[in-house]
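What follows is chain A paired twice: with chain B in the first complex and chain C in the second.
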Partner chain A sequence: MGYPHPSHPRETPILSKYFGDPEARTLSGWRARGGYEALEKALNTDPQELQTVVKDSGLRGRGGAGFPTGMKWSFMKPDGKTHYLCCNADESEPGTFKDREIMRWTPHGLVEGVALAAHTIYAQTAYIYIRGEFTEPYARVCAAVEEAYAAGILGPNAMGSGKHVDVHVHRGAGAYICGEETALMNSLEGRRGNPRIKPPFPAVAGLFGKPTTINNVETLATVPYIIKNGAEWYKQFGRPDNPKSIGTKLFSVCGNISRPGNYEVALGFPFKDFLYDLCGGPLEGREIKAVIPGGSSVPILTREEAEGAVMDYEGMVAAGTMLGSGGVIVFDDRQDMVRQIARLTRFYAHESCAQCTQCREGTAWITRIMERIRDGQGTAEDLDTLVAISDGMSGKTICVLSDSCATPVMSGLKKFRHEFEAKIAANKSVVTVPGAFRASAA
Partner chain B sequence: MSHGPSASGGALVAAPPHGTHHDEPHMPVFVGDTRVELDRILSRYPTKQAALLPALWMLQDARGWVSEGGIEEVAAALDITPAYVKGVVSFYTMYHQHPVGRHFIQVCTTTPCNVCGAEDVVKSLLEHTGCGDLGLTSSDGRFTVIEVECLGACGFATPIMINNDFVESVTPESVPRILSELK
Partner chain C sequence: MADVKMVSLTIEGRPVTVPDGMSILEAAKTAGVLIPHYCYHPGLPVAGVCRMCLVEVEKFPKLAPACATSVGEGQVVHVHSPKALEARKGVLEFLLINHPLDCPICDQAGECELQDYTFAEGRADSRYREPKRFNPVEDFGGDVLYVQNRCILCTRCVRFMSDVAQEPVLNVSERGDRAFIGKAEGHDLTNPWAGNVVDLCPVGALLSKDFLNRARAWELDRAPTVCTGCSQGCNAVAETRDNVVVRLKPRANDQVNQYYMCEVGRQGYREFNRRDRADQPLVRRGNALAIAEWDDAIASAARALSGRRLVVLASPNLSNEALFLLERMLVAVDGAGVFRLERGVEAPLPGAPDLALRNERAANATAARLLGFTETEAVGSSLGDGDALLIVGDQLDGIGSADLDRASSIVYVGTALPASLEARAVVVLPITNIVEEEGTLTNLRGRVQRFLQAKAAPGVARPTWYVLADLLAAVGGDGRFFMPAEVFAALAATHASFAGLDYEALGLRGLPLVESGTPADTAEVTA
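Here is the complex of A and B:
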């Protein structure tokens, strides 16, 4: 359902079917809804076979990068080494709040997916890393884990299968960067959440130096349905002409929109219908001006571009942006884009882990310039400087936080340059005197 | 802006949400049930250090904030140095490095909330709590208000977090009622 709104007939609720249903939160309620059947089946199936089913289903990681899940799992071999599974529940991307609802309403669905995935990658131990601010989701998932242990679903003889599966919940403490997979591992190990240089990739040397798989909440919560119903069943969701984007996806919608919330649709859904039909369009008397379709770190679209886009991985790339985490931020015609982009860069400056110079200095520098333009103190040279700094930040750091800060600035300058220029033109405080700087310096 | 006591001195120093903010003298944190809980947590990880974030949460729950003395206790419990612990504490925003008001209020003002008017919610909170400015504690020790980056509840703008509880869809007008319901 489009939680907190009633379900829309054009949604395809699989993960979101029980949002708003308190009974689904309990073990008995979850079992009554078919929960843990997939795990029981999986624990008695060879992991290689499970990896093949997930690979065949076409499921791609729902955290943002869209890497094929089955392929990621296939890196984990039965080599007798200690393996770990990490569930990335550090949902902190502005505009994205889907994992929160999965954990709040169907915590057992996540625990089931985590236990199933752990078995599939030959891991005995899985950790669910939940961001510190998510107090209610944390409590729900902890309660589900306890119930699952008490019922023998987890532990040394999980569901009587003879397999050992431990699931532990770990609470973060307020750092956006810990959603980056290597930063998450550092944080889990009791370190500052600084991302690590890759290679080595986590599948080779991850958590505690052991081979590790990291998956998003939404990805893991989807897997039990695929194991239970089969790869062919899952393939029915999506565009027939695009076999690369299969299945359903939860989209979070926020900002200036009539019905903000979470909506689950089959990939390939027309973005225009999504915005106007499911989400109710802009607030009364307003017009949509811009949309960030995949969480704050993907390029901004104008209304026209958004209305022509298709909601899947390839459709979003064709529109000049990315599907990302599926967090849709809507701006209406009242919004000052310079102001809002400046606010976004402030977010990235605050959340930079400060490890890489380009990011530490670049995010702060960009923010100062953006805020200067916002406050009517900008100059024409500032726009060139923004471009130069962004160029110096993109693709030059250990992780992509730096790129994520540069992206809204670059796409904002491209799509809404006139707003930047209007603010600069209105700046009466700067009187350019040739040679003035040199004269005063002397 | 740091969220410590006012620069004007002790008058604005507040009681924390739980326990006492006085660092010394105090009972050790990791004794009795808390020690049992820490041991249970330690059994989940192959290294002691991995329990650092959970141990810091236990410390903050007991004392209301993470003090120098508390850092030493955590370090001793996990066989790491206090300097290392401090380096980790300062990385994360949710550990209080100063005492805070009994009701610690975090307001999300990141872009999705900002487009829905979060800045006016901040103004209303500052006005009705008597905090004066972000990061300061009200003279009665009840409130500290800070801005926070993305609380992850963007569809319920503006969300605020009061200690461990989320309040969603807060407007400037609903602030007085929300505050009046707090003890």
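Here is the complex of A and C:
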């Protein structure tokens, strides 16, 4: 169906097929659409076999990192230990709102995927960690879980299979960092949501110290379709010359674009067609200036770069960016890139968990400089300092929030340096630089 | 620890072989390489958050935090490579952007790890042009002051309170660069072990209110000592300025007190600075005590103690050497030795094995018992009519005059003359206190530990062992000792429980009694 706009003929709606269809939210409606068939089949299948199917399908994590899902699941062995499944529904990456729609319109699809994955990784208990601000999705998922328990789909004898599957829904309190998998686990355990040092990885010691698999909503919602239709069926989606990126992906589009919203296309889709054909291109009389293709943490593309890009993991890397979470943010020619990037860095400075020095101090420092340049108080030396700070922040911390803050600055400086320089050149005020009496200046 | 797998690696070009599972940071220490760090502390769980200990490990894609990375066979670690140095220089710059450069008025200056590493590896200038963040100073209760502006959020204090003291009063509040160390609503740092957060703090963010603005670190003289607050025998450092003890700090000893010391022990330093010290030998002439020469005073004391049954009231805080000489005196003349022991509430440090503020609030009751002294509540009950009483080091608090009146003559050997003795003592011999002399103490687990002299004695007060050796000779015993080591050697030769111990070999961490009535801690730590 598509929501809020009708499906475009060039979309491949699998996950988004029932977006906008209120009936699909209910258990009966979901069953009428073929729901829970995959789960029933899976519960009566050996987990090893299921792991192999998912591995063969080529499905990769849809949360941003793109780690092969089947391989992640294969770390979980039938070792008799307590295992946990976590569903990361803390979708907080600026520009991303695909999981939100999955949970709003097809909550049973997610519950089915979660239960199926739990069985596949030898876990009895699964947690869905939902972002605190997602009030409607939270209510929808809770209702679906309740219905599923009442119908015996979840519980001690899931769908009559004799398997025990419990699903708990947990609501976050609204911290971006709790979307980082180990911070999410800390938060779920009632601790401060700080990312953990790895190793140990979650597959060894995750939630409550037990082997844990954590997957994104979109990934888990996709799995039932793969189990139902087989790995071969799934492999048809994607470009033939790139077997590494398989399947369909939801893209959330926002910003200065004619038809914002969620679009589901097969990986390998040309980005230019996506922007101009599916999303209707820029607003009347405007021109696209820049695009962030995968959530605010990935490098910014110029219009030319974006138009030449292919929408899959490898295609985006070739274009110098990343597929990320699929959150597409479009900027048109009216936008002040310095202001936009300053807004992004402010977000990261606000959300830094404060553990690692570089991130805690660097995100705030970058923000202060960016906002000073934005306000016409920048100096030429600021640009070198920004590069130096970004360098010092990248690849040196426990998680990648620090890198995520540096990325838009680095790519913005590289691609839109003239905008920074124009603002600095326009700085006519006499700035007394507190460090003017430095030793090196003497 | 025979079955531990050993791993060989190269750190800064030096080959090291360490047990498997050890961190690169600890392995580097064995090679004599100090990898700069803030959040890491050997007594606390690893946090890996300051990112100061980043080192380059060959074949690793990224720099590795040395505190949180285990050694691996054949690893090649570069601590001072350009890449690692650049990363640490970056961390220092980040730490300093909001850190006030108020070293001239900061108590931590001179013993500040931020200062030290900045001088070693930091930038000469800062590129920070924005206003610094400002936050008010907060009183954390107990003896602790929190100067938020200087905090680098290493979380050592938070981890100490939650994992070692197991009273999680501190936390990290807020996020980003607004973060600070928060204190649980309605709670203060009144835990008896809370003062350790001041020592653990690598910068001047947590300060002792007691020590505030008292001295600059570089003005202090330091000597290793042993805390006399209880029978635990925590290893400590006595820090003095102009011959005044200004603080006691714990000295690491994983057999006794790890890295810690309790509040009672820390505050015990005041006793060492008493102004009402006995600093001249005194001999009674008529109704008054008059200043005398040492030789005359010793002779007078020997006369007062001879020819009668002798009762020795010894302080359980006296050194092994002093107690031994008293025991010899009781062999030379007929008599009995007693001691009084103050008791209090035991306060364990839950996260450290066998570490507590013990209910026996004296340092050497173990040796007193081993050397035949009996514990008594009232001195009077051990005194017979006409007995001579030799009081050594005891403060006499709570002893009634009726008890003392039963003695025919009283000789007082101590640091300060109690009021109750002013009219009763025949001779007063001034001695040094524990930080003014050297010697050994035996803790409750039978560990014999040395302490060294930290300050000069007032007047002509002499070391306890020295005075007692003279007195022993004067009453006819063998008192020819010229060094505390000689007294200790005689002790080891005389008493089976001290057999085999050598003064020098005790080192500064002590050794357990070989054979004694107390459980000896012979477990060797090979960590």
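The working rule: the second predicted complex is superposed on the first by the 427 of 442 C-alpha atoms of A that agree within 3 Å, B and C clash if a C-alpha of one lies under 4 Å from a C-alpha of the other, contacts with A are read in each partner's own complex, and residues count from 1 in each chain.
Operating definition for what follows: a residue touches a chain if its C-beta (ideal position, glycine included) is under 8 Å from a C-beta of that chain, and two chains touch if they have at least 3 such contacts.
Since this is a predicted model, take the numbers as computed values, not measurements.
Asker: Could you look at A:Arg360 and tell me whether it touches chain B, chain C, both or neither (first, second, both, neither)?
Answerer: It touches chain C, and chain B stays clear.
Asker: Could you say whether A:Ser352 touches chain B, chain C, both of them, or neither, answering first, second, both or neither?
Answerer: A:Ser352 contacts chain C only, not chain B.
Asker: So, does A:Gly190 touch the first partner chain B, the second partner chain C, both, or neither?
Answerer: first
Asker: May I ask you to name which of chain B and chain C touches more residues of chain A?
Answerer: The larger set of chain A residues in touch belongs to B.
Asker: Considering only touches as defined above, state whether A:Gly392 meets chain B (first), chain C (second), both or neither.
Answerer: Only chain C is touched by A:Gly392; chain B is not.
Asker: Tell me the contact category for A:Thr96 with respect to chain B and chain C: first, second, both or neither.
Answerer: first
Asker: Scan A:Ala175 for contacts with chain B and chain C and give back first, second, both or neither.
Answerer: It touches chain B and chain C both.
Asker: Who does A:Ala422 touch here: chain B (first), chain C (second), both, or neither?
Answerer: It touches nothing on chain B or chain C.
Asker: Can A:Ala150 be said to touch chain B (first), chain C (second), both, or neither?
Answerer: A:Ala150 contacts neither chain B nor chain C.
Asker: Check the residue A:Arg372 against both partner chains and state whether it touches chain B (first), chain C (second), both, or neither.
Answerer: So A:Arg372 only meets chain C here.
Asker: Kindly list the residues of chain A that each of chain B and chain C touches, one partner per complex.
Answerer: On chain A, the overlap between the chain B and chain C contacts is residues 175, 192, 350-351, 353.
Asker: Residue numbers of chain B touching chain A in their complex, please.
Answerer: 44-47, 49-54, 56-57, 78, 80, 87-88, 91-95, 106, 109-112, 114-116, 148-157, 161, 164-166
Asker: Of all residues in chain A, which touch chain C in the complex?
Answerer: Against chain C, the touching part of chain A is residues 175, 177, 192, 197, 349-358, 360-365, 368-369, 372, 379, 381-382, 385, 388, 391-392, 395-398, 433-435, 438-440.
Asker: Which stretch or stretches of chain A touch chain B in the complex?
Answerer: 4, 91-97, 100, 131-136, 166, 168, 170-176, 187-193, 208, 252-256, 260-262, 296, 327, 329, 331, 335, 340, 343-344, 347, 350-351, 353
Asker: Can you list the residues on chain C that touch chain A in the complex?
Answerer: It comes out as residues 46-52, 54, 62-63, 65, 68, 87, 90-91, 93-95, 97-98, 124-130, 152-153, 171-172, 174-179.
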